[in-house]
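What follows is a single structure, and I will ask about it in a moment.
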């Protein structure tokens, strides 16, 4: 019987965490809505299983996405996760192959060297020992990076790293001490028995040259076991909970479960899946343009986990979605923030230890019912019957050039349209949504919906991505909702709109709510390619910066907004374009204030390029022809 | 009591000393740009809601400063938070946040606050 | 507060007040509600000082209340006033002594109008002549009777039996002065001491030993406001103004209010009753209301006249607490007794009794 | 020895003009009614827009008049002025007769006497003070109520004696707004916990850096601005002041208690200037200041040949403008003297 008391802490920790993982999984599963439960069942036993396993391997072990963001940070995560995984895998095989019997309890694999100190002297055993030493060295190199990252985050290619709370620190120290204590324990044992490969062997023989190796080894085996045990016990109440959470999350997500607009088990999984890697801080414009470093998603999730008042954090965000785009775990950060904005007054209370291990599902208070409608002053309107509705949006009224451009495009297209908010319309409701006031937003949505239904239109065109997003997401409409760039693309495709090509160089800034927010990336660019020379930049598509004008942020002042705009313009104008094109009135207004380059909405560029309706005159009138510059 | 066929009217003046200026202080603390408003009325002129009903953000600003909160509460809920006011403000007042902060501060003072 | 500063201002508003030979015009309100006041004035001027004060029986109301209520047109009231001047001319008087502040305001307003618009004067001469065959002269001296009492306030002080001193504590009484709006606010130069810091009543108070209270709503209207009062539904305006004044003077613990306008006396007196009925509020100390006196009544009281002869029992707010402070000897049994000793019925709901 | 010029009034304008003329070779006599030179600048503490100590301006002016060609006569006034064949003979209060080829009038301004605005009770209510009184308090280093208490709430009334037909001054004194802003900031610097309110009709922040000062006063010092002119002031039972004003932006009358009220006194033609105008037959304008010959090209010229104006005897000006105006007067004087020689 190979047993020693020092394995008890490890065993306690291991069985605790295994049981905990099962219990927590059950709790989470039961917390899902009925459709989500079905989705997960189908997903787990269906085709997406393979996909999930692949993703777990690529993301949870290899950390591919972090690698893409920062190779050094990726290596750090990979060496710890993948290295440790391999160490366990090969350790188990080692114990199975070289141990006294097959199918050993887990501690045999972990403490193999202690129970088999003579192992590794020759042949295959030595090769295996070399492999194990190599893996340990691999992990230790990652650990070294992690330690340095704590002290000096730039080493791993990051400008900022997350700040930790006390329990996280204890867990981190126990994790950190796992591998050095294993190294020392194995090295002393190897030194005492003259075994071990290039790492443990060399270190062991050197240590034993001046230390009593046999006596020194035993305390380190204890330390190794204690570190592991402590780490496992603390894991559920620290950020390391992300390790098991992420596995569950991957299965849930691949089964098609999404955050939606209510808090629930899936949201909680996501909140616990955050490893506080800090990538969201790095890509956040509030961080690198205005120096606000305490409101990023990692802090939001941490605040929620720790029952802190996160209302200031929740509202101090551009809602640009850049962090969602870059999150290596794929957490839907912006929807979670929206949920938090709706959550209202936080109910903060100190948590008991039990509640820390088994927290309540986050509950969002139901909407206030029975209160007076806020917008009772809005009287129902009777719009004209029409085919196409043009809804400029509040912001477009502050940029009349866009409005006028759209009118000339609509006129040139010959479609039957109504400019529904010509004399000022009712807000689309998204700003209220962004402020967490869903009930009030719903009132506006209902008002506008009624107006749209009554018009009998089949298409709703808007110039404002903010409106577009909410029309698509939160309105129940039986009309096709198009951003004007999409509408213009349709007109071009169908040959309705004839456009001149100009040789102007243009870079395109994708507005947050249109690109990351609504997934419209290609139509604007295709329209631009019709009329101008579109240049690529590093800030295209998903990487587009927020202009800074975002209605999502309630907290920053106009100086800070301007700084964001200045930095955004710098990214967008590296190729010195003639025009910086965008497709949002708010972006246009914000960016234009920060640059000398002409900023124009795509609608304006298109309107300028429209070929006059009577081309015959154009080619027969010599004077007219003379005026055309010869390029 | 209408024993004499008339009632006593409340004084119309703003009683600055008696009024509650805590909302103004709360907003100033969290949104310092509130202080630099010069009551030009740009916000009111561009207001989406003001197109439909009597909502004057300029007036709300001044009434908050003077502590005339009942009228503020009555009007504040009409705001659609569209943010045009913030864009047109010549002094860079973060008017949208002023409104959300005012709503927050009024929550404890009026039952029917938004 | 620096009295030096006030003296500087008073120096700028010195008003010439005739010494003798007055053509006296009564006040509708004063003679109806505070009959002892005008009675005392005539007695004091004629019997005590030996001055010539003439009253013409053909004299009528100035119709000022009608004018301020948009009932009497300007041209009409100018003719009415011109008629008074004609009576004065016919009686051989050049100095007019006006008992009512509304009338005083009407007279000064019309005189100023004629000064700035001589055509109006000619029109009035023509109107009056056509209507009555009378002609008139512009008076040489226009004085409100409070101006005259102010002029002789030192003579009164010399004869004072009960100075404005609290007998119990020895300290001066706190007296609120309330000047009728139409006394000097329209034409500060026509008022003793101007409009901002009028001297006419404060001078009397100081010379009779009292302490003048300067409270924040000192300048405020008593609440009469003509049409605010005349329409019943609007009386809330009137009432609210009075309450505003009393609430503002309350912290100063006034012992009495002295007014020079009959309307003010009436409203500040009677609205205290209404306030007590409607809201249960009184503004004096110890649950008492504040007596509101005319300057004639106060002068008489200071000189030691029987308060019942001065007509103080005809106020809503009774002055007994004031008598006690001043040490005025009075017989409660005589309060509602006629000259020939018959007991009159006593009014209900009087305050301070 | 060059031509003789008499400069009347040794304030900022007179000292600058006299010094420049002396440097240009004229024989200059500078007459001042007070015993000390410097005029109104001596009454100020820190100046807008940069909070410079006024003493720096005084020492600059003193350095300008230290010149051998310049004779300074203090403690006397010019009582009469006659012209005889292009020669001016000025008679002073102490019996001297000064001869001159040209005269520069720089009699400056007087501050509006705030007691004339009776409803504010200046000189009556202990804690109603003028802007000049506040400057004295700043110089003394302590701003206290009459009873020695530290004021917690202070009001500043703009346009006292300016833009007010009732006191006979329909014009804008231009500088009271910025003075109020400056004083409000100084008050906050001295009394951090005090609340300061400016009661204004319009904020006239036309000068260089004035608007920036205004913004800073709101942003950094939290000065409260109430649009509306105070209509009346009275004293409360506890000796605090009660002001009534319409908050024209709220559209409602407003009443508040204050511990101290500062009246931003406007600028008026100085009494000595008015006397000189009468004695010498110089024309004055509707605003009672000396009437300049032309608003665009002759702001230093009187309607009489050889008599020139410098500084605030012609209109309200700040120190910068006064000094520029004085320099411009020098150019006009030298030009005139040249035509005499020719």
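Order of writing sets the chain letters: A, B, C and D. Residues in each chain are counted from 1.
One rule holds for everything that comes next: contacts are C-beta pairs under 8 Å (C-beta built on N, C-alpha and C of every residue); 3 or more make two chains touch, one makes a residue touch a chain.
None of these values were measured; they are calculated from a predicted model.
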Which chain has its C-alpha centre farthest away from the C-alpha centre of chain B?
C
Based on Cα centres, what is the most central chain?
B
Mean-CA-position distance for chain C and chain B (Å):
46
Using mean C-alpha positions as chain centres, tell me how far chain A is from chain D in Å, no decimals.
65
Between chain B and chain D, the Cα-mean centres are separated in Å by 40
Distance between chain A and chain C based on Cα centroids, please, to the nearest Å.
84
Set of chain C residues in contact with two or more other chains
none
Junction residues of chain A - those touching two or more other chains
none
Could you tell me which residues belong to chain B and also touch two or more other chains?
32-33
According to the definition of touch, which chains form touching pairs?
A-B, B-C, B-D, C-D
Which positions of chain B touch chain C when the two form their complex?
1, 3-11
Can you list the chain C residues touching chain D in their complex?
1-2, 4-6, 8-9, 194-197, 214-219, 251-252
Tell me, which parts of chain A touch chain B in their complex?
315, 371-372, 374-375, 377-378, 394-395, 397-398, 423-427, 429, 431-432, 434-435, 437, 440, 444, 549, 551, 554-559, 586, 589
Can you name the residues of chain C that touch chain B in the complex?
232-237, 239-240, 243-244, 274-275, 277-279
Interface residues, chain D side, partner chain B - complex:
203, 215, 218-219, 222, 224-225, 227, 244, 247, 249-257
